[in-house]
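Letters A, B and C name the chains as they come in the text, with residue numbers starting at 1 for each one.
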């Protein structure tokens, strides 16, 4: 069985946002898969997806703090500054975290750890809505 | 053909550990796949998986050196400090390296480069045993 | 349907190189897949793959600038220096960006965002030709 669907995530402020529930609700057919995988792919180069702690909002704020220091906006070596000071750091952060997640499915549900949740990582100040391609397959 | 199995990795000290052999031995059915993929997913948010050099232990020590400096424990901006000073850096390191690996299978074996091995990246001082979900599929 | 093929990428200088077209041209059978995934896996530990902005060469130069500063060659803590000063940073960069990409296929084409392209990330001064295993599957 193959399922492929585009999912639209509403615009969010710059930062790290928990979107597990929103994604699962957009894919009710996952319940039919005894075993399989879900591939989530973001169609952008200045936002990314990762999996991390799903309980404490301060973890997500600390992600923003670390990434903003590790990939600074005002670095003198940036050449690509035409699209704003948040653009080039957003590209680097997007590749550090990656554009996609592949998640196991077991007995009709995502087989995640207790504390694992999907983060939408919005690296731009005004990134707008973000689109994902979700591809599920299995039996 | 689909195979899904949980693999338990015994507790290891903080650092980077080569676990290729242990994982392959837990999945003897891979020998039946002419072509396919193996997806390995760690069920935790303070440990991760990566693929890197499988021969020199000093490479794995250098990974620890770099990550400990890049994501410091004593940074003044961490808010999430309740679970210990190694916890928040562990979350960031886990997302930088990622929770899963997808590896090609050819002729019944992992089709890795000569020098590629699977690392369990243990980012906590006392992370305990770690659980993976292994999902193999192909024909 | 499963397709698996090794793709050889000619030697390139250290840096970030757009290789989307080269990869797609090596996989004409993708046109037969209504829905599926393409998994690209690099068989090396000092080069990597990522997906990022496909239009501006300065973005790719800025990637090199950031990674060269974030993972410096002359750090006093490197133990693994036998293979040259560019070797150990190459290993760390390779794991930060990752050895593989999984990309959605829809209607016989890669379903990427408008600005997304595949980067070969060459982290060594003289890395030589690089080999990928491409595995496509779907229906």
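The criterion applied here is as follows: a contact is a pair of C-beta atoms (placed from the backbone, for glycine too) under 8 Å apart; a residue touches a chain by one contact, two chains touch by 3 or more.
Here the structure is a predicted model, which means the values were calculated and not measured.
**Student:** How many degrees of rotation carry the C-alpha atoms of chain B onto those of chain C, rounded to the nearest 5?
**Tutor:** Rounded to 5 degrees, the superposing rotation is 120 degrees.
**Student:** Taking all residue numbers used at the chain A/chain C interface, answer same if over half belong to both copies and different if under half do.
**Tutor:** Here the answer is different, because the shared fraction of interface numbers falls below one half.
**Student:** So, what's the distance in Å between the C-alpha centres of chain C and chain A?
**Tutor:** 20
**Student:** Which chain C residues reach two or more other chains?
**Tutor:** Within chain C, the residues that touch at least two other chains are 70, 96, 98, 102.
**Student:** Show me the residue ranges of chain C that touch chain B in the complex, using the header's touch definition.
**Tutor:** 2, 4, 39, 41-45, 70-71, 75, 77-80, 88, 91-92, 94-96, 98-100, 102, 131, 133, 135, 137
**Student:** Provide the residue numbers of chain A that touch chain B in the complex, in ascending order.
**Tutor:** Interface residues on chain A, with respect to chain B: 35-37, 50-53, 56, 58-59, 61-63, 65-66, 69-70, 96-98, 101-104, 106, 111-116, 119, 138-139.
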